[in-house]
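Shared chain: subunit A. Partners: subunit B in the first complex, subunit C in the second.
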Partner chain A sequence: MTTFVQVLINGLGVGAVFGLLALGFVIIFKATEVVNFAHGSLALFGGYLAYQVKDSIGWFGAVIVGVLSAAILALAIERLLISRAKHASHDSLAIMTIGIDTIILADVVRRLGTAAAPFLGDPYDTKSVSLGSLTVSRTYLVALATALVLFTLFFIAFRKTSWGLQMRAQSENKEAAALMGIRSSRVTASAWVVGGLLAGIAVFFLATNDIGGGSGLLSAHTVAFAAFPAAIIGGLTSTEGSVIGGLIVGLTSALGAQYVNYEFGVVAVYLVMLVVLVVRPSGLFGRVDQVRV
Partner chain B sequence: MSDTEIANPPATPETTGTTPVTARRSTAARVAPLIGWAVLLLVLFLTPVYVPGEWLSVLCWIMAGGVAAMGLTMLIGQAGQFSLGQAFFLLLGGVTYTVLAADGDAEYIGFGLPPLVALIGTIIISGLAGAAFAPISGRLRGIYLGVASLSLVFLGYYLSHELPMLAGSASSGRYAPTFSVPGFDFGETNPQLLLLNVPMGAAERQFWLFAGLTVIAYLVGQGAMKGRVGRGWRAVRDNEAVATVMGVSVPGEKAKAFAISSAYGGLAGVMVVWWYSGLMKPDEAVELGTYSTYTTIALLAMCVIGGLGSLGGAIAGSALVFGLPLALPLLTGSNQTVDASGTAFTPIVITNLVFGILIVLIVLFEPRGLAGLGTRLRNLIRR
Partner chain C sequence: MILLSISDLAVRYGRSVKAMHGVSFDVPDQSVVAVLGSNGAGKSTLLRAISGTLSLHGGEITNGTIELDGTRIDRMDPAAIVRRGLGQVPENRQVFSRMSVEENLRAGGLATPPSRRAAARAAVLDMFPKLADRASQPAGLLSGGEQQMLAIGRAMMGEPKVLLLDEPSLGLAPLIIEQIGRTVTEINERGTTVVLVEQNAMMALTVAHTAVVLEVGELKLRGDADELKASEDIQRLYLGGHAESEEHADAEQGEAAERLERRRKSLKVWSA
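Our next item is the complex of A and B:
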């Protein structure tokens, strides 16, 4: 029983990190209708810069550097590439983000080289904490707490501020929103920045022994892959769905890894996604596309 | 919608009597492609005489990737179905061929069929597997379909590790026989064969085999795209609702596209096993290796770089994405692939950077890829 509760907490912790990634992914998709396959690279880029400055300016400084650099990279991709290719279809832009992802991944992995595996979770990584009869690694608890705060902040901003109103208006109907005086370019740019910020925060939990495993930051990109099924399970157009999808993915992989084996934990996520897609082709909470003939 | 109907009144048929609707092509226009093919076949036949073995091996690897990319480019470019699952069909093809062709023993399952029968069986089974994906592919669209098909790669990775009696173990793998037809063996120099006084060894024979299969795959694909099948695909790609109204079965066309694309993937998987001298070995990690998510993205990159929907472009894309990492060490003449510091620009890093940058540039400036560039150049010359 204690193992089960422990696995649940681990799963929720990992799921919260996937939720952070998937939420950014969905915000970008809602604002620009572009599927950002470079999302893992945003996290990797932020993590790489944070790792470079960590020794000289300390962990908290590195967090600020990492998160901001991921956001700036996201902004640069949107301003310099995505917004320039106005004639390209959304699918072509998705393929372009695969190209961006390949470039960043290849170069960051080259720069990291064969030196010792970089880790970013200094204050909480591989430090366990006892809760009654339970022994839980601190990473999962910190991840869960951080994600809860960020989700709350995001949903308050999304529901109550004028920025959130503009975002929702644009994803509802881009032309009507533009006619109402909403500056489309500002909304899309801010969406990419928020996506980059969330990815930059997520990498500080991915590049740990507890979640990312022994190769630290090097495996962050691979682990972040699970954010795609998370976003798909929740439905690409639903922000709440992405959080729930992230938790489903985290729990599935933790339970699969515990009760079958590690490899099954990875593949179980995709099996769950296939089952969800067969029953609901637009994900659990996604908007069903209706075609007018 | 009604406005456009008024603007374009229904055109009255102009055809009177027995005048054919399409103009008959001139004799020169009909003969020219045949001469072109004859020259190409001759060049392919003589290539092993003049090209050294290690370059033949690079060309064979390019052709294996090219066949897989041809299937994918038809699926994405012609039928409009976004797929990230092609690496799974490479794995499926390789495993199926190995199981059918290799002899079984206590450790491995094998049927010991003749290689030709095993090859045909593999292509059919891969095609059926693609069609079996229909309940999912028929319901999904766009990016949902892409990520759903990506799950096949993860599933294949898991199953290949769980079933070592089929796929071989991830550390050592298992062996499948190379190709042979009665009287001629493509793997060994038996019988001895001299062409223009150059002995035709294993590399040379493999080149003929791969070139022959690639030409057949190209012609079959071209035939499918030009005929009724291709028209059905394009109808589905352009507008599913309109295609339904026109009497095209949308789930049927999607299933057909997936079946043909995965049959190409299966054939390419067999070629990959042959290229590794018959070694079938599952990947050690899901993100890096012969059948990994990296390969799936590399195959997509080939299609995009070549121009989505273009078969020749797929081979050109493969020459870049699969050819460059092997050709660079040969060109620079160094065997040093891993630098001591680990931060060097290895051939694979250079290739990844080049194809990443090319994808971005192509989407920005030339959405039709290398095939589009070719058409542009041809038009420049004609003018």
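Our next item is the complex of A and C:
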């Protein structure tokens, strides 16, 4: 029983990180209808810059640098590339993001060279906490707490502020939103910035021994890939779904790895995704339009 | 005073589809101007050009100017045009169906200064009290007539100087259409200029002061609504026509019966 609870906590901790990535991915998709395959690179870029400055300005300073740089990169991709390709199809833009991802990944790997694996979770990585009879890694608890705070803040903003109203209006009907005086370019740019911020935060949990494994930052990009099935399981059009999709992915991989083996934990995520796609093609919480009959 | 002025307007979709050319007319302040025309005449294209949403449909203005209250708006984006005092109820209402009625109204007031939003909301609910009862319902679950009320109310939340209405009667029952007509008059009496695009010429000409008729992207007729209502061309094209004499009517009826009989015969051949 103790092991099971421990696995659940670990699974929820990892799932919360996937939820952060998937939420950013879905916000960008809702605002622009572009599937951003460069999402892992946003995390990687932020993590790389944070690693570069960590020793000189300290961990907290590095967090600010990492998070902001991921957001700035996301904004640059949107302003310099996506928004200028006005007549390109969404499919072409998705392929463009694959190109961006490849370039950033190759360059960061080249710059890191053969140096020792960089890690970013200094205050919590490889440290444990005792909760009664349980011994839980701090990384999972901090990740879960951080994600819960961010999810709460995001959903309050999404439901209650005029920014959220503009986001929802634009994602539902671009023409009607424009006729309300909503500036499409600002909404789109803000969606990419939020996506970048969340990816920049997620990397501080991905580039740890506890979640990312022995290769630290280098594995962050690979691990971040699990955000795609998280977003698809939850439904690409649902912000709430992306969070739940992330938790499902985290729990599935943790339970699979614990009770079968590590490889099955990885594969099980994609099996769940396939089952969801067959049963509910638009994902668990994806858009199903309500029509009066 | 002229509030909206369209001069020598030409519109193209894609690289080669010329949807409109040489269209000019003025919309006086505090008036209701009806824009009539059959399907494909360019009515919606005209409204998209005025509201700046042509690019969302792959179109662009290739010639001419549009001025709102003395300022050129034909090169502005829709958000800037809305902020200059133009509102539009788009074709098929296009309410935000997954958002509540209240959220739709909030979205309509986004371009209105915060200090005036409460007054705008009160005016809209005064005009459409039903929207207050439905405030928390998803807009997609409202009836067609209620959705049209919401679409008009949402546009009025922007306190527009000019309101463009794109076929508000489309798909609605006759009683609701009458109600929409009364609403247009009320909006106008409260000080908003209205440009009403309609296929329902009877309703449009009843509420409008003046009207223009578009045909295949060109302006064919213009004049006082009452004069156009009495014109033979308008009667024939948009108001169901009228027979000149009883004999004429009988002859037409006979021809119609003959055509029906011929069709029946051919159907028999196919079904034999």
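As a convention for this text, the second predicted complex is superposed on the first by the 287 of 293 C-alpha atoms of A that agree within 3 Å, B and C clash if a C-alpha of one lies under 4 Å from a C-alpha of the other, contacts with A are read in each partner's own complex, and residues count from 1 in each chain.
One rule holds in what follows: a contact is a pair of C-beta atoms (placed from the backbone, for glycine too) under 8 Å apart; a residue touches a chain by one contact, two chains touch by 3 or more.
Predicted model only: the values in this text are computed from it and were never measured.
S.K.: For the combined arrangement obtained by superposing on subunit A, do subunit B and subunit C clash, or do they fit?
M.R.: fit
S.K.: Scan A:72 for contacts with subunit B and subunit C and give back first, second, both or neither.
M.R.: Neither partner.
S.K.: For A:53, select first, second, both or neither according to whether it touches subunit B, subunit C, the two together, or no partner.
M.R.: Neither partner.
S.K.: Going by the contact rule set out at the top, does A:8 touch subunit B (first), subunit C (second), both, or neither?
M.R.: Once the two structures are laid over each other on A, A:8 reaches no partner at all.
S.K.: Which partner, subunit B or subunit C, is in contact with more residues of subunit A?
M.R.: B
S.K.: Would you check which partner chain A:117 touches, where first means subunit B only, second means subunit C only, and both and neither mean what they say?
M.R.: neither
S.K.: Once both structures sit on top of one another, what is the angle subunit B-subunit A-subunit C taken between CA centres, to the nearest 10 degrees?
M.R.: 90
S.K.: Regarding the shared-chain residue A:85, is it in contact with subunit B (first), subunit C (second), both, or neither?
M.R.: The answer is first: A:85 touches subunit B but not subunit C.
S.K.: When the two structures are overlaid on chain A, which partner does A:157 contact: first (subunit B), second (subunit C), both, or neither?
M.R.: neither
S.K.: Once both structures are overlaid on their shared chain, how near does any Cα of subunit B get to a Cα of subunit C? Whole angstrom is fine.
M.R.: 5
S.K.: Please write out, lowest number first, the residues of subunit A touched by both subunit B and subunit C across the two complexes.
M.R.: Overlap of subunit B and subunit C footprints on subunit A: residues 289, 291.
S.K.: Can you list the subunit C residues touching subunit A in their complex?
M.R.: Touch residues, subunit C against subunit A: 51-53, 56, 77-79, 82-83, 87-88, 90, 94-99, 103, 106-108, 110-111, 138, 140-143, 154-155, 158.
S.K.: Can you list the residues on subunit B that touch subunit A in the complex?
M.R.: Answer in residue numbers: 82, 135-136, 139-144, 146-148, 150-151, 154-155, 157-158, 161-162, 240-242, 245, 286-287, 293, 297, 300-301, 304, 341-346, 349, 352-353, 355-360, 363-364, 367.
S.K.: Okay, in this complex, where on subunit A does subunit C touch?
M.R.: Listed in rising order, the residues of subunit A that touch subunit C are 162, 165-166, 168-169, 172-184, 287, 289-292.
S.K.: What residues on subunit A touch subunit B, complex-wise?
M.R.: 35, 81, 84-85, 87-88, 90-96, 98-103, 105-107, 109-115, 221-222, 225, 228-229, 232, 236, 263-264, 266-267, 269-271, 273-274, 277-278, 281-283, 289, 291, 293
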